[in-house]
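Okay, so here's the structure we're looking at.
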Amino acid sequence: MSTLINLIISGLATGSIYALVAIGFTLLWQTSQTINFAQGEFVMLPAFFMLAAMNAGFPFWAAILIGMALSMLILGVAFKRMLVDPMLKHGVLPLAIATMALSLAMKESVKQFYSAEAQPFPSLIPSIDLHVLGAVVSTQSLGVLAVGIGAVVALQFLLTRTSVGHQMQATAQNPTTARILGIPVERMIMYSFLINAGLVAIASVLVTPLYLAKFTSGETLGLAAFIAAIVGGFNQVRGAIVGGLLLGVVDNLAATYISTQYRAAVPLMLLIAVILFRPQGLLGSAEERTV
Amino acid sequence: MKKVLQVSGVTKRFGGITAVGGVSFDVFEGEILGIIGPNGCGKSTLFNCILGQLMPNEGSVKLDGRDVTGMRPCDLNRLGVSRTFQLLQVFPQLTVRENLILSGQEHQGSMAGRLFGRRDAGLGAEADKMIGFFNLGHLAGEKAGGLSYGQQKLLDAAMAFMAGPRLVLLDEPAGGVNLTMLESLKERLRAINAEQGATFVVIEHNMEFVMSLCTRVLVLAEGRVLAMGTPAEVRANPEVVEAYLGH
Amino acid sequence: MNLDRIILLVSLFVATAVLIVLPFQLGRYGLYILSMWAVMAIGAIGLNLTLGYAGQVSLAQGAFVGIGAYSAAILTTNHWPMSVAVLVAIALCFAVGWILGYPALRVQHHYLAFVTLAFSTLAYLVFRNEEWLTKGIYGISDVPRPVLLGFKMQSPLRFYFLCLASLGIVTLLVGWLIRSPWGRAFVALRENPIRALSLGIDTRRYTLMAFAIGSALGGVCGALYAPLVEFIDPTPFTLGLSLNLLMMVIVGGAGFFAGPFLGAAISVLLPEWLRFTEGYYLLIYAVFVMGLLIYSPTGLLGILDKYLTARSTKKASAARASATATFGAQS
């Protein structure tokens, strides 16, 4: 029982990171039909911005801010302007493949210009083991969960309670109608890219202390976020949250109760089952936009 | 006269909306039946139900007395039922000649036989005849995507006539075609009807086209049969005038 | 059109001549790279059939290369002849590819990409974990090169010619396939499945067939890959290989017959030419791919095609005009 609680809490913590990355993934898909195969590398890179800033002598908190800013600039603005905008009119597949190339480029850049070795990364939250109901829960898990949930709640607030959020949702649901209604669609799409950049930077701060910073560290995370987004519902922010949390827990339970060798297979099976039997995702509504 | 197609009580609902409600009619061998009706009266849905693209909620469709309700479009096509769509549907990357060969190639032999058989599936001569018949001779080797709208529309119709179908359902063949081409299209439809004895069902908005081409006309309104008869009878029917001109 | 055909034949002749003469000038490593090109081109040709011609997105071609490679490695290290191993690889990949085609009957486009991606990753897990069969992460070493008609294919030069001959056979067979009624049906499937269905084309069977044949060629690729590198472990068969094969097809030009040859050449040979840049070659390759796709999303051959179409449009519009004129006059 105590292991189970432990597994669920740490699963939710990882899951909240998956959710952050998955939300960004679905936002890009919704607003601009971008399937970002580099999303995992988008999480890997901000950690290196922060490490570089710290090497330049900045304190940790300042390095985080610098990392955020660079992430918004490069993974938000530059990504949209230089890769997505020119390719959008050619359809989904060429752009998706270009993001595969981008992920390769990002990994190679880090390897060449920073280091091929794994780098330690300071943790925002001190790791102390707490004893709750007989289970050992690390403050790091709780902290990650808290920050993750905080970010998700803030985003939900932005999307559902503010006028910019409403305009973004309208843009996501039907860009043509949104344009007729006088919504600045282009700016809304840019906002979603900026939000994605912000989310991956937060995820980067949360996840990197756990797994170290390495040029390949985005690979598994990218796949997990990808699965979370589809399982929850590719066209729903809410779905991505549920998908992320679910995946984190399932992943943890599978590793303990099924087999460590095939732990990665469980989320993949889940993915295949969801696509075949409920392609709109667990929470999603049927997608009408054809590609 | 022999009944080729028997449609009885076909109903199709989408959610709470009844698009087609209990439509019944027969199509006799060799006739040209027109289906008219205001926009959104369920003409295309009816076609899709007859042709297996949609499964009707109720009712049945019989071909030569055999129940074919919900049969897959490809199997139905191989029984000699072909169709065109409301919007142009040719294969832009294939040449005109290949479009036509493709349209007939699945009608004989087995899939394996086609793999090891002739490249044109033995349909080269028929395709060339069709190309000549529709005056596309200069364009036989061009990709269909490079043709003008009118020419693609002709090709679209020609494809439905490959492999000698017995029953052809045309969904708005005259849509977007200019007057001269319309006349020649009509002539060609009449010729195929007379020479090959093919039976036609034509959905059309263009009243003149329907009235001058068809032997019988069925009027559909709000998913139901409003009237059926010769063009003259239908034209004189006050309900039809009401429904059609009222909209 | 005639001039194009002459240019095509001449370049084909030159390419073949180079591929036959060049190897005698190359060392061991050069031959290895050139053999790798031929082997990967076979895998890319298979994917081009599934994706480029039949329009079914697959991110699993790397998994089929893996299945083929393991079939060959396991059988030949157990003293089965290479020919049997190749046939088993083909049959196995054909069957698994056929099964993988079923999701394509339910979902399309990006959803299909996701299913095949999941399959690819699952296949990798099986390669890594089923040690009784695949020897897991330790891998299978000393995969023998075949003996063909009494000739040992051990030397790099001989094995290169075996790869080249295989590529030649695959090229002829696939060329014949896409010009047959099946090829026409595949294109119809890609361009307009609903219309194709209404013309009697059993889109379900053709979809499965497109997956099965494309995957079987992935198996051939793998069956040659195993004796080429002589050591098989799970590492090469991650999702990365599937993505790489997909990039080859798209970079060369999906749906163009010559696309995979060109795409495989760029993916396999370009890094070698860029060797002088030391570690930067993958970065340069990735940037090149992005730049190319921005400039021409239909790949390298798309650029050529655009040029040829522009040239023939004048001719076509003239033909169009005269056809319309006669049609109008007649009626």
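Read from first to last, the chains carry the letters A, B and C; within each, the first residue is number 1.
By definition in this document, a contact is a pair of C-beta atoms (placed from the backbone, for glycine too) under 8 Å apart; a residue touches a chain by one contact, two chains touch by 3 or more.
Note that the coordinates shown come from a computational prediction; the quantities given were computed from them, not determined experimentally.
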Q) Which chain, with its centre taken as the mean C-alpha position, is closest to the global C-alpha centre? A) C
**Q.** Maximum centroid distance from subunit B, chain identifier (CA atoms)
**A.** A
Q.
Just the number, please: Cα centre separation of subunit B and subunit C in whole Å.
A. 40
Q: Indicate the whole-number Å distance between the mean C-alpha point of subunit A and the mean C-alpha point of subunit B.
A: 50
Q: Please report how many Å separate the Cα centroid of subunit A from that of subunit C, as a whole number.
A: 33
Q. Where on subunit A is subunit C touching in the complex?
A. 35, 37, 83, 86-87, 90-98, 100-102, 104-105, 108-109, 111-112, 223, 226-227, 230, 261-262, 264-265, 268-269, 271-272, 275-276, 279, 291
(Q) Could you list, by residue number, the parts of subunit C that touch subunit A in their complex? (A) 57, 103, 106-107, 109-111, 113-115, 118-119, 121-122, 125, 128-129, 239, 243, 246-247, 250, 279-280, 282-283, 285-287, 289-290, 293-294, 297
Q.
For a test of understanding, state which residues of subunit C touch subunit B in their complex under the given definition.
A. 177, 179-182, 184-185, 187-188, 191-192, 194-203, 205, 209, 255, 313, 316, 319-320, 322-324, 326-328, 330-331
Q) Which residues of subunit B touch subunit C in the complex? A) 51, 53, 72-74, 77-78, 82-83, 85, 89-94, 98, 101-103, 105-107, 111, 114-115, 117, 119, 121, 135-139, 142, 146-148, 150-151, 159, 163, 180-181, 183-184, 187
